[in-house]
Amino acid sequence: MCGVFGIFNSKTPAEDTFYGLYSLQHRGQEAAGIVVADYSKARKKTIFKQHKGMGLVSEVFRDETVFDTLSGYAAIGHNRYSTTGSAKSTNNIQPFSLIYRSGSLAIAHNGNLTNARKLRNELTELGVIFQASSDTEIIPHLAARSREKEPVQQIYEALQQVQGAYSMVLLANNQMIAARDPYGFRPLALGKKTDPLTGELAYVIASETCAFDIIQAEYIRDIEPGEILLIDHLAVANEKPTSLFLPPSERKARCIFEYVYFARPDSFIFGNSVDKVRRNLGKNLARESSIEQTPGEKELTVVSVPDSSNTAALGFVRESNRAGRPARFEHGLIRNHYVGRTFIQPGIQSRDIKVRSKYNIVRGVLQDRPIILIDDSIVRGTTARMLIKLIREADPKAIHLHISSPPITNPCFYGMDFPTKRQLLTHMFDSIENEVDEIEKIREYIGVDTLTYLSMPGLINSVPSFEGESCSYCTACFSGDYPIQVNEATTDKEEND
Amino acid sequence: MCGVFGIFNSKTPAEDTFYGLYSLQHRGQEAAGIVVADYSKARKKTIFKQHKGMGLVSEVFRDETVFDTLSGYAAIGHNRYSTTGSAKSTNNIQPFSLIYRSGSLAIAHNGNLTNARKLRNELTELGVIFQASSDTEIIPHLAARSREKEPVQQIYEALQQVQGAYSMVLLANNQMIAARDPYGFRPLALGKKTDPLTGELAYVIASETCAFDIIQAEYIRDIEPGEILLIDHLAVANEKPTSLFLPPSERKARCIFEYVYFARPDSFIFGNSVDKVRRNLGKNLARESSIEQTPGEKELTVVSVPDSSNTAALGFVRESNRAGRPARFEHGLIRNHYVGRTFIQPGIQSRDIKVRSKYNIVRGVLQDRPIILIDDSIVRGTTARMLIKLIREADPKAIHLHISSPPITNPCFYGMDFPTKRQLLTHMFDSIENEVDEIEKIREYIGVDTLTYLSMPGLINSVPSFEGESCSYCTACFSGDYPIQVNEATTDKEEND
Amino acid sequence: MCGVFGIFNSKTPAEDTFYGLYSLQHRGQEAAGIVVADYSKARKKTIFKQHKGMGLVSEVFRDETVFDTLSGYAAIGHNRYSTTGSAKSTNNIQPFSLIYRSGSLAIAHNGNLTNARKLRNELTELGVIFQASSDTEIIPHLAARSREKEPVQQIYEALQQVQGAYSMVLLANNQMIAARDPYGFRPLALGKKTDPLTGELAYVIASETCAFDIIQAEYIRDIEPGEILLIDHLAVANEKPTSLFLPPSERKARCIFEYVYFARPDSFIFGNSVDKVRRNLGKNLARESSIEQTPGEKELTVVSVPDSSNTAALGFVRESNRAGRPARFEHGLIRNHYVGRTFIQPGIQSRDIKVRSKYNIVRGVLQDRPIILIDDSIVRGTTARMLIKLIREADPKAIHLHISSPPITNPCFYGMDFPTKRQLLTHMFDSIENEVDEIEKIREYIGVDTLTYLSMPGLINSVPSFEGESCSYCTACFSGDYPIQVNEATTDKEEND
Amino acid sequence: MCGVFGIFNSKTPAEDTFYGLYSLQHRGQEAAGIVVADYSKARKKTIFKQHKGMGLVSEVFRDETVFDTLSGYAAIGHNRYSTTGSAKSTNNIQPFSLIYRSGSLAIAHNGNLTNARKLRNELTELGVIFQASSDTEIIPHLAARSREKEPVQQIYEALQQVQGAYSMVLLANNQMIAARDPYGFRPLALGKKTDPLTGELAYVIASETCAFDIIQAEYIRDIEPGEILLIDHLAVANEKPTSLFLPPSERKARCIFEYVYFARPDSFIFGNSVDKVRRNLGKNLARESSIEQTPGEKELTVVSVPDSSNTAALGFVRESNRAGRPARFEHGLIRNHYVGRTFIQPGIQSRDIKVRSKYNIVRGVLQDRPIILIDDSIVRGTTARMLIKLIREADPKAIHLHISSPPITNPCFYGMDFPTKRQLLTHMFDSIENEVDEIEKIREYIGVDTLTYLSMPGLINSVPSFEGESCSYCTACFSGDYPIQVNEATTDKEEND
């Protein structure tokens, strides 16, 4: 996963992009970069400038003087997710910028192409060379080979050839282009900002609307699935970007896991509030929960794994109370504010120091009480297990773990950085055919008293529906129902963006 | 303010101290350091090794290889608070280590001496030289001039001469010493850890118990006000540290603001759970609140400023519900996880970017509703004002700001890094004699619909009482009632620790 | 200009390359990189690993742990010259590594292609995209488009299409390839090293033989002009690399300026000792010099600009003595050992601080004496002027500046990082048709008493001759006689390697 | 050893000091620091600002913005020598700055006190604490205990109590003080600079005059042995600093090794040109040499170990020629320009890589010839041995090693960073009573054909004599004749400055 951001017609595009990326930091912590488009009087054309590096946005741009070298009128930026295990090459840091037939191009991409291997093979057979192992490079290569003259047409042609998930923003000479795949896997939003001094209009593109909030830009609408949006100085003057549309897909496939876990709760994605959806997840989880008040307890004590499950926990409490099962929300776990990517773990004394460095327990809340612990999902199960071990130190009477989504049973081929199937916790118990038995085994492994997953209908019921669409979401990680056939050869998932 | 940590008889004292400081990071972000005591076979005595630097613990110790140079059997560490405005000299980074008559000494100190200026003047008159502007150096100077032979006796003698607030941990050759002033201003706790492999006992000292949790040490008890605790290899063998006691003060003066804001909620300080006290503050605030449910709203919507006010907000909701005024807790503000000391703010476009970088609003929660916003305290008022401006963007019907402590009216001379009196928000309206009118002015300045402070009785009622003590807490910042007469010359507060 | 290095069949290829690049540091100080070929058991093929960065080799590889990640059996490396004025993009740091039809390819290139613009245009028309502005990328693109199967054949085909100066080393999967253009502009040498423990043979490629000396490798021979040398495990086993040869050019064009200034005196280039050639330059300069002993002086005092002109000065002295004009070599200028790329010049108080930071005068040597100052060349003249100003502070009776090469009158299009024609000192006096008058103007500008340049015949007489070659050297910068017609469009020289 | 610098009444004291330290870099590479005196309008007095760090001057001050924080009117600076083996504590970085009875004091010190241990013991007995293990701290402690009111008088009183070698510069509030011990062990010079714009006079103090040259300051005179010089704004106005004099010592003891090796050849120290003295050393070495021309060789080939022995080699050649034994100077060894403190040696493949990284041979010069190799001194012998091994690779007919100083037989207690007696090469053969036999053993160990040391009379004859002084130099390292009795307890030489 990754975060993308773009702004056009700003006096401070690099600074705006810095803040945008900063607010999208949760979408990728491994590397960050900004490419700026500036008009060069000497060369009488737009030139690109860039700064990229490994680490958090605030680390890569730690030296403030770098902004002096990044003046211009437009910029795009990218946060890269930490890809585990693979060689962490600086070649892979986006945005990629390059020179081709029609001038300069820069691209920041979030997603995963499902026919990447096939296209790569075809292109290499034609003599194309690749700098990096990422899918992203395929797109400019296809665009460069297009016979079209206009970059936006080249991109259009290129995107007709790729399959899979992508939300991207590009700079093409003096234009900014935003594009989203026809399935609409990944979010991408359009906003605008009016300069408080000059009244000039800037257009903004971002993975999530929290990036608009930080620079006081205003959300206009989502980039539609299949839309290719062109912003140039004319579009600014007319206050009207123009759009092309890729042939529609037979269904839509918005990533439901963005709502479950990935996006920030203060963002709007797919046109809806993440916070609201998570609240629904919690409510439905409460409806499905069978945990009853223990005699002697006035209420159910509901504890969330902060901060990702806070909203679901509030929803759970609300619905529980509404339904006559008194419950209260509690902060039983404290999240350390200073956890960051640069955190080292010298002399790892015990294997759970990583969990201890991130969380601590509030004894008074947990001790001698049965607690309902709300978490959003379980991927590998290792963190959950350590966390339960940590909570046990506070001597709760019981831990009833409630997961606000169904079991993850399948890898993602559309950009979510899940492990391979073999590494998923559910895989450990694949041989068990009975689902009830399987969950019992997981419960045992994690070390909780009871384990409740939200049902698939409960999940679907929590997310907004889109009129006129037969199928709006991708639930493949829960259901195995992959919207796009995946080339088996791609499934080793060497690298996602 | 600062955080201190010490461990004795560990195989990995520097690593343990790293984790301890890491969990005490909230007590000081400006600088960090570790001094290790190791036995040198070559010199046949204990030698000290150190590593110190500006920045967060994780930054100062970013290079893992530094731990290779910090082997030993005991260590102390220190987090320094960011002192605003003053020259940020590396001379001031603690622990201070030095060589004197009886060997080597290292000191990590949290607090502020009220007779520092007088002692400093006396000492300089005697020819003493100071490296740094901090109070802390006075103590080893006094110890070095003692005629006692044992370091612990020298420290005892030194501490009889100083007045004010201090909680400190020292290494003196092959001993670790912990000391707390007779008033007990700052917290200091004793713990122990049993090595899982060897079964060996290590003693641990920390400002807050969250530092025990992270290394799986166990809380034993607080260092008592006036106690000087000596830990050496004999103490470990006997499982019995020895103590000296300074002459008792006429009253105690535990810092009530540690409970209100400073300490981590998962810590125990002064022998009690911070979380529990904050909950009480919220409950009492609810009792004192006059905000009624708005017609058309089923419940009061209670929003906290995360994360410091979360617990108080939960207490508020609980008491409110108990008292028949239905309320619910909501996450209306999201705190950015990636805020850190190294955060830069290029091209500050608007003055509120700092607040926007830290918080964002959850529109769905705030919009069109009257909200009760819980914050722990207001110092200068600038952040509060910006935050309210930010919340207003979500169009709440009303903002009822509730502060879970009384107005701060006086500076702290015992180590809390408050500004001078002139910089306190309350000072702005000093000329207004009527307290009601003053709060009305503050309300207007902050920009909220109503403003409620917890009363002083409400505050006192929230904190644990200590048997046999006439006065247990320092409330000077709220009440002006200073437990120790402060030398007027000191009140410019050039530097606290 | 740049330095290249490669080693095949070493146990420590990255370390060897580090030392090789370190000894070639004078060929490029802006950036450095190493790509290693390692056999991956997991993937059952050779994979590439890399580390690159801006700065000196010792800075880029300052963190020793980087070598832990660079294990393998072969490596190539590159030092990039500081290109003045242009945007210093990290995209341009070599070796470039990439993935194409036949696997992995990495390239380190020293030189400049004269038909780069044309090829680039043709390639971009075909849809090729470029990452960087350097010429180097063209070569792998051409190779990737070849229909040949073997990388070495692809390179062969590619090099048939490019014109200009190049000496390069490549990794192609499990092979190392070295290539030099048919004119032989830039040096490139082949060496070997026998592992002292295992007796195993490693082949080494380097721009200059000083890179062999540092790792105790042995010089075998030069890579011939037009030769493409293939080294693989078979070549090692047979102790016999194989070669292909490009069609020969009508003449050779070894860069004579490498001998004059660029190469290290302890290197062999073009099969001959640089030191010896420089000595000849000095001798011929002495023969051409008209400076006579001043009455009252026993000898001529000959001072060199250290360290580049030391050998020429020694040759001058030797020939002078032989010819009966007593002369002695003196160190009248001291070169600061600590000058490096990272040197900052805060608050530039006077414009000559840069010269003062690099050199200082030895008064006793210079004072009250006429001195013959030997320098290798004058490019822009600014440094020379400052240096003369500095020497004047020692009050020499006269400064007779002798340059051990003719005036530089033309830019270099084959890789030497000269400025454009307009920036050359000689250009300043272009309007003066009489050469004698022109040199008089230059003398005046530099501020010396007399100015003597080595004549073109004196230059040619100093360098080794190659049997059977009508023309062996490129002297274009002195003579304007360009061996390869230069596309006018290329002459803006945006970027050399 | 160390370098010190100070400037008073400059507009850019930190920048000047930076350049001064930069040119004194050879006197200490481990750490560097600058303390600036600035007038604070707010506090109505002079305040000190500082920046210090480990590494070369150019590394410590790599971030140019640090100079923005170092404005003022005066500054002192210090380069610390690399002390091998001991813990490299940042506590030891000079200048030390401190606060005491009379205000602020900062000190930069070059030398070694011989009664340091005694004074330290006395002071610690009185309750003094030390931050660092260096001698330097003793001086401000003694000054602080003085009953004098004026800092210069306090320093005077302090220096009457210390014995040993010191050349130092201090800032005391708004004054700069320079002091040199009565024996005059270490050099210290006074200079002045006139601001080119304002015509204002600045006084400058430096270890060597090369630091004056770089900032275009002018040498006035040496600080006399025993002189304490006071520079303040009055001194500037009157163009007349004032001096106090310590009681004279019975003899002088200028460090003769400064002339032999340590100082830069372009400096004047002890009022005389270092270059000239080294030339004399070479001449006397020639007079004492018994190496005759080999039949078949026209001349003796004289090669120096660059750059320290260049001048001696030139003197050798000159005298040799004068005496009718034709000789010529050759550059047979090339010194790498990029060697610096930050140099890493990954995977040390062979033990001599350190020597190879610093030097390379010029084969053509060395091959098949007997050479006279001039080096200034041999301390441990390890580098010399490796260097000879390297030279042997060029197959010289013979290596006649000539050392331009006598054998080093004794450690230095006055600041030169020699090893202990046990680590000196000569100690290896202590049991051999016959000096001739001992030198034969050393010759064998080093691996040369013949070995010639300059005789003690030859040494003495080379250095300038001072009228009216019975004894002017310290030759203890060669002769064992220690000018100041050394407390045996001090001889373990834990730390020099």
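We call the chains A, B, C and D, going by the order they appear; numbering starts again at 1 in every chain.
Note that in this section a residue touches a chain if its C-beta (ideal position, glycine included) is under 8 Å from a C-beta of that chain, and two chains touch if they have at least 3 such contacts.
In this text, all values refer to a predicted model and were calculated from it rather than measured experimentally.
Trainee: Compute the centre of every chain as the mean of its C-alpha atoms, then state which one is farthest from the centre of subunit A.
Mentor: The most distant chain relative to subunit A turns out to be D.
Trainee: Please work out the Cα centroid separation of subunit A and subunit D, and write it as a whole number of Å.
Mentor: Subunit A and subunit D have C-alpha centres separated by 60 Å.
Trainee: Quick one: report the Å distance separating subunit A from subunit C, using the average Cα coordinate of each chain.
Mentor: Distance between chain centres: 49 Å.
Trainee: In subunit B, which residues are in touch with two or more of the other chains?
Mentor: Not one residue of subunit B touches more than one other chain, so the list is empty.
Trainee: If each chain is a node and each touching pair an edge, is that a line, ring, star, complete or other?
Mentor: Graph shape, chains as nodes and touching pairs as edges: a ring.
Trainee: Give every touching pair of chains, nothing left out.
Mentor: By the stated definition, chains touch in these pairs: A-B, A-C, B-D, C-D.
Trainee: Show which residues of subunit B lie in contact with subunit A when the two form their complex.
Mentor: 12, 14-16, 18-19, 22-23, 25-26, 56-59, 61-62, 64, 67, 196, 210, 213-216, 264-266, 268, 273, 275-276, 307, 310-311, 314, 317-318, 328-331, 334-340, 342-344, 346-347, 349-350, 353, 356-357, 360-365
Trainee: In their shared complex, at which residues does subunit D touch subunit B?
Mentor: Touching subunit B from subunit D are residues 49-50, 52, 87, 89-91, 96-101, 105, 124-131, 133, 140-141, 144-146.
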